[in-house]
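What follows is a single structure, written as structure tokens, with notes after it.
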Amino acid sequence: MSTRDETFSLMSRRAVIGGLAAAPLGLAASRAAAQGSGPIRIGELNSYGRMAAFAVPYRNAMQLAQDAVNKAGGIKALGGRPIEIVFRDDGSTPGDATRVAEELLTRENVAFLCGTFLSNVGLAVADLANQRKALFLATEPLTDALTMGSGNRYTFRVRPNTYMQTRMLVEAVKDRGIKRWAIVAPNYEYGQSAAANFKRLMTAAVPGFEVVGEQFPALGKVDAGATVGALSQMKADGLFNVLFGADLTAFVREGNTRGLFEKRTVASLLTGEPEYMIPLGDETPEGWITTGYPWETIEGNGHKEFVTAYRARFNDTPRLGSLLGYVVVGMIRDMLEKAGSTDTEAMIAALEGLTSQTIAGPVTMRALDHQSTLGAWIGETALNGRQGTMRQVRYADGADYMFPEAEVKAARKA
Amino acid sequence: MDPSFLVLQALSGLASASSLFVIASGLTIVFGVTRIVNFAHGSFYMLGAYIAVTLVPRLLDLSYSPAAFFLGVLLSALLVGLIGVAVEVLLLRRIYRVPELFQLLATFGVVLIVEDLVLKIWGPVDIAGPRAPSLRHGVEILGQRFPAYELVLIAVGPLVLGLLWLLMHRTRFGVLIRAATQDREMVGALGVNQARLFTLTLFLGASLAGLGGALQIPRVPANAHMDLSIITDAFVVTVIGGMGSVPGAFVAALLIGQLQAFGILIFPKVTLVLVFALMAVVLVVKPWGLFGRPEAASGRVMPPEGIPSLRRFRPADVALAGLAAAALLAVPLLGDAYKVKVATEILIFALAAFSLQFLVGVGGLVSFGHAAYFGLGAYAAGLLVTGPLKAPMELALLAAPLAAAAGAALFGFFIVRLSGIYLAMLTLAFGQIVYAICFQWVEVTGGDNGVVGVWPSSWASGRITYFYLVAALSLTAIVLLRRVIYAPFGYSLRAARDSATRAEAIGLDVRTHRWLGFTLAGAAAGLAGGLYAFLKGSIDPTLTGIPLSIDFLVMVLVGGIQTVMGPLVGAAFFHALKDAVMPLTEFWRLLLGIAIIATVLAFPRGLAGAAEAIRGRTVARKPVEASA
Amino acid sequence: MTLLVVEGLTKRFGGVAAAKDVSFSLGAGEMLAIIGPNGAGKSTTFNMVGGQLKPDSGTITLDGRSIAGLPARAIWKSGVGRTFQVAQTFVSMTVAENVQMALLSHHGRTRSLFADARALYRDEALGLLAGVGMRGDAERPVSELAYGDVKRVELAVALASRPKLLLMDEPTAGMAPRERGGLMALTAEVARTNRIGVLYTEHDMEAVFAHADRVLVLVRGEIIAAGTPEEIRANPRVKQVYLGEAGTAAAMRARRKAVA
């Protein structure tokens, strides 16, 4: 219910401001000054419409966390000011997203930006943040470029990037003695870069490693029959899968029927995330090595309490998006407490090297590349009744899988 | 290669072809009869899948049998057919008299509404449907396993083709469909109840789309992105087959299914562009598709859809235009920083829309791929400043229109050989090819991540300075382009649009003029694209994509295709609307769709067209008053 | 002097010969009518001369230059103006603009980007319109005109390039009977004054016999007779094959009278 209330309150405020006549004369004073009293406003933009499966649970958890922070007395270093997250749909294109980001910065007077889902949107907003000298906490985009070649000092990223997730998987499969691999990945940057990372890391880790074939179906349009047929033909012993969402479900069903996964080791990115596992239902394949978020098995760090609170408030189970949203708000609180100010430079200084105690364990924002050490859970897929789950799970701390420092320095020298 | 593998791959291709045909047959029938390019066909497909994943499990609970499964599939198809009827009766029927392009716009509004309604009703999580009982297993073929259900799908295509043939040849309704496809006027002349024919046709078309969607549920989970992922493919199939031709759609679907199945073996990354490249080749070689026929040349003179007659600015108009320009230029003085930003975007979109209007309204060349030239301009500018050259913004802004013009000249050479819907589809195909190049050529274009760091020179980097720079360039380009419309070249384009036969008979080289016109419009769009890149600081493939092309078309149509300056109003209105609606709710697409449909219903000639009509009425009334 | 020489013109559609070995010639200032029943190949012949169709074989020589198979605009350039069975005009333009458009093309100005089209060749256009009696309607949209007037405008457009040869495909089709005589008389006068050769097809026998200098009779793609109107009237074969459909012809005439 409170979700709806939030939407309503946003609506009425926007409706008033939206009137053409309502523009105040003159430009808003600097963000820091405008943030002087009242709640600390945070601009969160994400694909709540097009990527709702991820973004709505994410927003739910952010609201949950925001209420928790405020109930606990707000940001103490700022005189107990509460935080207020202003949610906006980013339109799922860089063009729309940068405009929305401008709106948040100039009109909503937010202290800083966070969010975005798609990598190209994240990169565009990051560059805008750099240009406007505003802090941007990129929570979800996975592209390595965001903290590497296109990284900038105003942009920080929370989720483990493509490289880190691939590296976690590589570590899990490298000792299984499998050399002949086939790769299937969606035909866009995330898929291509995951495939490239996989090849690079496996080549280094497994002598005699060989890619016998690759398939890159268009994102969201996998022709499952033809793709599975082509992959079967490659006679690989291992299969590295990067497909997710509807593509994954179609691919798994086709592969199950045709026996593609039998007697093959499958390493699969993200498949263990509830967002992608729930639709698989009773067709969840057994024994895939994957990264994910088996929320029901995670103990400690207050995670159980988070699950209880989340389920009570939203009558739904948490997704990876929920975890992320909750973690992000915690990091934001810690950053503000440390900075004691909403001045951009102070916040950057506070965030660099900041370690937060989160429901996933301690997470540090590495100063070198502005990449957090949030990790992921590694395990094998399994069927539990009619639902997929993960077994033999362990938390892979992101700190162990970061880009090597030399590589970061080479990539970010610009 | 293993021969058994080739057989299986061919079977996979046949299964995809069958599914594609079922969907495309509905699209082609609807187009044949109503001449509506129905964007909502993909939405019908998606609804078919969602209804089926809801309905079929309930039936399977009652009786776990293949019969229950397929009964559920058929019921879903029929329900979607009824939704098609609702769309026809509530919406399309009210706008049969307005230009065909407006009907297209209305169907686009339906797409937006259905997209969000589906999210609202079924939620954002993909819903995997049940598998068909007794068809879950794989069948051993030549020592390899092939899904039994796909064997059924392979049979469904020819079955639907056969049933449609019977319908077309053995029923009065079918005969009327064929007659209307060949000559729409004739059916009207025969005294047929056209409204009923159209309603039934929509029912048939939507049912087929629904059937296509429902049949997919054992393979693909119902998800909110299915509509757009299928609609372009369905268009490609109908165009390659020849619009209105059901057998043509069948052959085209087979062709695409096999090409896809084997193409990915050779080029694993080809999926993005394969079907569009095929469509481009087919249209270049066979301008009306494989089985299509040129529009029946019955010698009737159809009034063109674009600008009917050029009106000079009257003093009142000059005052109005001046006032609008002054108001716009005063935005930085009156509005906040964000308004300046939005106003800058509006100026850029106004130029892009105006350049499209130059093609559509003046030249009669409907482009579904205008963003390609906008994007080419943006990429040229963006790559120049960020690439090894590190060129200054000034040079990049000069290069933007030139690069776009070069692209437009290259593609336009083939495009102007076609006409009508085929021309529009070829623009779409080339647009998609540009998109694929930007997307795939990662080393140069940055792939789908694009390139960031495209910022203006320091003197122009302030929001307000850049606003005035954009204003100066956009307005100058618009004024010049407007001038061209009133110049002999613009008249020549309009002459060619009104009657190509007459134009050729007075010595006008229609193709060359259209080609030059296309190039000029491309250049203007390219300038807009370059300005946009510097405004956003980044370039990425969405700048060349179909959604942006559709946005431009919507701006032109909402503003009024029949007025010279209408698209400027449309750009301002549409963009301001989007900006106002987006922050309200994540269901902003729903609101946008409703707004578009309301605009089409209330102002079937566009906003500026409506203003014109009101003024026309007062002018027309004057002589009466004088004589009274 | 012979202006147009057509020899052995043939065109097939599928297996059917729409025009078979058609030959004739036309002098400057002469009016030559092609008649024949429906489907006799009149329009086909016509469209080959005008460049709307490409002949399968045969030659077409205008003023000593071969024009067979050239595109319509090249044929126009070599001095052929034409009107169509269903009038083809630029419906979004005014009467004057239609003629100005033809003049712009004639003067090679169609690619001019910034000149004001409405001011160019206006007087010349008005002169041409005066010649066909449409001066007073110059500012009206051509879409508002009665069909007879549209045909006049089309004639003015066809004349704008000062052609040597005028092709008119059923110039009086669709016109009220009263307007027909006027248009044909006007055409004949213009043709004779300016020494323009006129080739026209016609259904209306009165229009044919009143104004043509010579008549060709085409049946099933072949010329079965040629000569002066009097000779054609007297030709027994023509009577048999064509005018032999006297019943139909008479009925048509009677109906037209009734309408008038």
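Letters A, B and C name the chains as they come in the text, with residue numbers starting at 1 for each one.
The rule is simple: a contact is a pair of C-beta atoms (placed from the backbone, for glycine too) under 8 Å apart; a residue touches a chain by one contact, two chains touch by 3 or more.
Labels paired with UniProt names: A = Twin-arginine translocation pathway signal protein; B = ABC transporter permease; C = ABC transporter.
Everything numeric in this text was worked out from a predicted model, so none of it was measured.
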For chain A and chain B (ABC transporter permease), chains touching each
none
In terms of Cα-based centroids, which chain occupies the most central position?
B
Where's the contact count highest, between which chains?
A-B
In angstrom, rounded to a whole number, how far apart do the mean CA points of chain A and chain B (ABC transporter permease) lie?
32
Could you give the separation in Å between the centres of chain B (ABC transporter permease) and chain C (ABC transporter), each centre being the mean of its C-alpha atoms?
42
Approximate Å spacing (C-alpha centroids) for the pair chain A, chain C (ABC transporter)
74
Which chain B (ABC transporter permease) residues qualify as touching chain C (ABC transporter) in the complex?
299-301, 303-304, 306-310, 480, 483-484, 486-492, 494-495, 497-499, 501-509, 513, 516
Sort out for me which residues of chain A touch chain B (ABC transporter permease) in the complex.
7, 10-11, 14-15, 18, 23-28, 48-53, 56, 88-89, 91, 93-96, 98-100, 102-103, 106-107, 119-120, 123-124, 126-128, 131, 143, 145, 150, 187-189, 192, 213-218, 220-221, 223-230, 232-233, 245-246, 249-250, 253-254, 257-259, 275, 278-281, 283
Within their complex, state which residues of chain C (ABC transporter) touch chain B (ABC transporter permease).
50-52, 71-73, 76-77, 81-82, 84-94, 97, 100-102, 104-106, 109-118, 120, 141, 143, 157-158, 160-161
Chain A-touching residues of chain B (ABC transporter permease), taken from the complex the two chains share
1-2, 5, 8-9, 11-13, 15-16, 116, 119, 123-128, 131, 136-138, 144-147, 149-150, 218-221, 223-226, 229, 233, 260-261, 264-265, 268-269, 271-272, 334-339, 341-342, 345, 439-440, 442, 447-450, 452-453, 455, 532, 536-538, 540-543, 547-548, 579-580, 582-589
